[in-house]
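Here chain A shows up in two complexes: once beside chain B, once beside chain C.
Up next is the complex of A and B:
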């Protein structure tokens, strides 16, 4: 029973949910021309890390990431994985807070922020309590239900495109990769690193083929391109760089005379929020798994409920959008650790386990 | 005689217990059984014929025990009473020999095979299952015509005994599912099963499930298709339905009877059912969300016309919707309870009250009436009444969330329902899986 399909769908879903909000803002801020070079570079790094990580997991199979690290000592695992758990927790807080803010901005301006955060958190933790198999199956169902709206919006989004904004294709800054260590580019990795670690937490009862996941990651490249180039082609670089959520605004300009709805953004946005809820539930489940591997007496439900409560409190303490952006930037350090260190260490550990296993 | 004494005592409480003395050849015997279950004159005639044959062949009379019945010792009271309850005839010889239990000619207590009452067939076999277990198994055997069909019989319950039969197709069935199912049935076989709710708990499913864990069908054709797909069919005595396990999401949309139509038509009709389910669960929520929380989403002309239709309606959209929905549910429930001859009255009264008077009195908007009528009709496009109920309930989740959070609540409701459906699995077979013999894939 190969369940690669489920894994691939959830992998794509979680990334698509993250791409269309902050990512275009960062990339547009990062470069003036030749945005494709930044997208391609980020994407290449993503695929390379994914490959390394998957290879490590393959060596260490059938253990999951936590078990692989635990094989080298309990404290070893705690030291290496604590930053990951912390990163996950912060990611949940940021995502919930940011998406509630977006929802408020775009269409629920009368609803208090805490109510929206409570809804997002409640739904995510409900899905997380059900466990990983349910998350995957929900992912498939949600993808089936929501993708028509997404495809419609994607196909309509070029309505106001002016293709001359594509030019010039490249300048010296883009060609020299001088943007790599600047804040916006590092921030843009939020969209790349959010999802793929979950591949290491999948229990062996959900078998999947790493090669298929790698191949499926190619489907993300058009999404990254779309998210940046739709606003660029609609508004041009200088106007697009002023917008908080360029893609959403670009889609808002689309006018379809035969549709009964005035704003197709809403359905697009909500589909993405749906995907993000799946993403948060996945991260919650991962975090709970890590917490429970240390504090073994806690039941999954209690762990997730405690996590939910603390995330909600943390979200309430974030006063405004500026604070969200600050936390996002502080989290970059953790993010770099998670995206660079974990895959390579996993590869090394997995390789050693594999050799040990082969020697026996 | 001790046994006869006991039986006489019992007769004082059970009026239909007969204790009838006759001579078989030259031996005096007592026949015991239930008049309500045994056709006595016919049975006696059968006995006499058989005795005559035995006498003619000059073998001792009790040899008939090897031929038509089985022996029970006179001291085994429990067994005797059990046999009587099952409708068997007990022959007690006057000497102390063991009694003989035999199959009598029983009264005809179930209806003959008829057309289905709860499912309509437009193209395909029309005979339906009946209350008689053996008849049902016979119908399935005739429908499948294969030597791969396996049949297991269990007696369930201690006080209220009921016969249950599991049928499956060797080679097609998911063996781990079958094993767990049999284990569940065997380990709870002393539990009484008066209804399907207790069957649910007996099989270890939660009682609060919103989704039925087994489908029921009246049509032999559907049962045999299910068997071929690797599902397990269960019959309970006195239940004129085949219980099909496990229940999958596809069963809501795909009836095997559809295969009697051209392929394109079949696909179109299944798509229509999916649309029906979506309309039913989402439309009330969409209305409330768009009217009360997010009117800006609609094109201005449409928003104006909906707002226009609500002029004079004195309460918020959610109250309006819930009021009308409850009325509709009441009509549905009333239609099931009422005898057929009065059913038309309800249609008329409901039609006039809802269609005309409510709108004219400005109690609800006419757009809402259109939406809810579509909703109600759509809820019955799915297959099986048990499935229609579960989607009827799920629309209220969406409705409440939509009233609170608008379109965001609508989408959140969809995710909650999806997650709930995804969390259900019976004996390791997820509800959201596609039937494939032996292995499951999800989607």
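Up next is the complex of A and C:
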């Protein structure tokens, strides 16, 4: 049975969960005008890498990405995939820490951080323990539950838009791509690279069509645009660049008299926290899979419990938001490795496996 | 059930019960009856201190009433803390609807207070900002005495779906915050005072330039501002001594050009009106001509006034975003705006003449 639908839904919602917080901050910071150029560039890179990665996986099928690397030697796999596992672990720490900080900032200002982190971690690791099928099914459920609220928020979010803030469409900085190697733009890849590697970890018992996933990625472009342009059109670049979470504040300005709730931000935030939980459980499951492929004696539950405990401890050691931003920046090197090296190496290895298979 | 199954079963149950303490999300929760939810806040400067007033609706057993609390301190937060200490409830500013600043504060600038509201997030960015030229204590006493339904009605004064009229500017915290950062957009803020029969009375609007009050416009001029922003419908205009008309719809079209570095703006406002009152027997054409002449002249006068204040409340600089380079646009208010040539034309359409016939 073709399960592309589940894969696509999880692919979309893990990205949507990541887009709306740090991504607009980075993009608004990196340009004064012509932000669409940065969004399109990032998105084009994402789609290109996704295509390369999927092609490599298709060649290497029915192996998952770990098996493909292992076919070229155990140490080969460890050398290439260790940075990926490290990246995933850091990503879990950052995501948990950042989202609990966001939740505290926006609505639960009395609740201690550790409780929110424990809650996020507990739910995610519970889902991760049950494996990828559970993650996918929960993903479908979460998507069904929350997408009406999200659609409502998206359609209302343009209430205060002043379209003239779109102009001028481009300036020299945007046209010359001089922002590409600057910190904010590199940081913005956090939203692009976090999710798509999971496509390589899906076991063959969940068949999906890579072409459909590639097509579905087009649905993300409006999300990226929305996340940057809603705050830009509401506040203008100079005011929006002062905001920590521009999209959230922009949604806060929406005034709906017929709705009995005063702040639609809460619906939005809760939906996204739901999506992020799916994302964290997915990354956890991937990391556990990688750990277990090296240390084969560990059972899935023990691996995930150990991982959860160490992530929680690491989260407790991060003192403030500034530190989160620093770690996010240090992680850029790993991120560039994961997003640039892994897809291409996978393509090469997959192609060689494919030729070997054909020769036999 | 045999012994082997009991242990996992018991541990699952323990986990579920343990989760309940975390998942309920109630941390240091204060019930609604232990919270004071002020709806109006007044801020006055007396010598070097801030004097803050809060209007808090109270629900006694069967009668609704409101309470006015006031205190003094060097910062607004310090005053709120003092009030918290003295009050038997926790003050929660999240549902604050109106903030009233004393004129002397507005003339020094609202930037610091409004930025700290935006930063702390305890006051909603949708809160309406107003300025008063009178003492705050009598104003709060008047509001307390005249407000029905424990003060909620005050909020309706400014709400579009309730008692708002287009003679009143509708400016929220985030509007002022945006204009503080913006190079091209300022805001008017309603001037209010204690009413005679009603709780509040408006005497026009204060003109804010980058968050600092620099001038005043009258109620009729506020209607012109609202018509310019496309919110003028249901506004009434007196046409000399002959008739009054009701605005049904307003549409605005612009063309902009830059002639030898002097910005030129040609605007045409199309007003659709209905006649609601006549004196004597003027013809419809006469009323239309009178209306066009009168309002064009008034618009130009209002524009000259705000132009001399160098405050761009009409947001005209926004129209030049693609004409003037971004680095020059920073000097819009001081360099271009005072030289702006504003050619304004009103085109009035009398949509109908009411239920009585009128001679041509």
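The working rule: the second predicted complex is superposed on the first by the 360 of 360 C-alpha atoms of A that agree within 3 Å, B and C clash if a C-alpha of one lies under 4 Å from a C-alpha of the other, contacts with A are read in each partner's own complex, and residues count from 1 in each chain.
Just so we're on the same page, a residue touches a chain if its C-beta (ideal position, glycine included) is under 8 Å from a C-beta of that chain, and two chains touch if they have at least 3 such contacts.
Since the model is a prediction, treat every value here as computed from it, not as a measurement.
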Query: In the superposed arrangement, does A:162 touch chain B (first), chain C (second), both or neither?
result: second
- request: Based on the superposed arrangement, let me know which partner A:278 touches: chain B (first), chain C (second), both, or neither?
  value: first
Field: Which superposed partner A:262 touches (first chain B, second chain C, both, neither)
entry: both
- prompt: Which partner does A:292 reach: the first (chain B), the second (chain C), both, or neither?
  reply: neither
- request: Once the structures are superposed on A, label A:55 by its partner contacts, choosing first (chain B), second (chain C), both or neither.
  value: neither
Field: First (chain B), second (chain C), both or neither touched by A:354
entry: neither
Message: Contacts for A:115 in the overlay, against chain B (first) and chain C (second): which applies, first, second, both or neither?
response: both
Task: Look at A:253 in the shared chain and tell me whether it touches chain B only, chain C only, both, or neither; answer first, second, both or neither.
output: second
- request: Based on the superposed arrangement, let me know which partner A:212 touches: chain B (first), chain C (second), both, or neither?
  value: neither
Task: In the overlay, work out which of chain B or chain C sits against more residues of chain A.
output: B
Task: Share the list of chain A residues that count as touching for chain B in one structure and for chain C in the other.
output: 108, 111, 115, 119, 262-263
- request: State the interface residues of chain C toward chain A in the complex, per the touch definition above.
  value: 19, 22-23, 25, 27-29, 95, 118, 121, 124-126, 159-161, 172, 174, 177-178, 180-183, 185, 315, 318-319, 321-322, 326
- request: Show which residues of chain A lie in contact with chain C when the two form their complex.
  value: 32-33, 105-106, 108, 110-112, 115, 118-119, 122, 162, 164-165, 167-169, 171, 234-236, 238-239, 242, 249, 252-253, 255, 257-258, 262-263
Message: Can you tell me which positions in chain A touch chain B when the two form their complex?
response: 1, 3, 5-6, 103, 107-108, 111, 115-116, 119-120, 123, 126-127, 130-131, 133-138, 140-142, 144-146, 259-263, 266-267, 270-271, 273-274, 277-278
- prompt: Along chain B, where are the residues that touch chain A in the complex?
  reply: 293-294, 296-300, 302, 401, 404-412, 414-416, 418-419, 421-423, 430, 432, 439-443
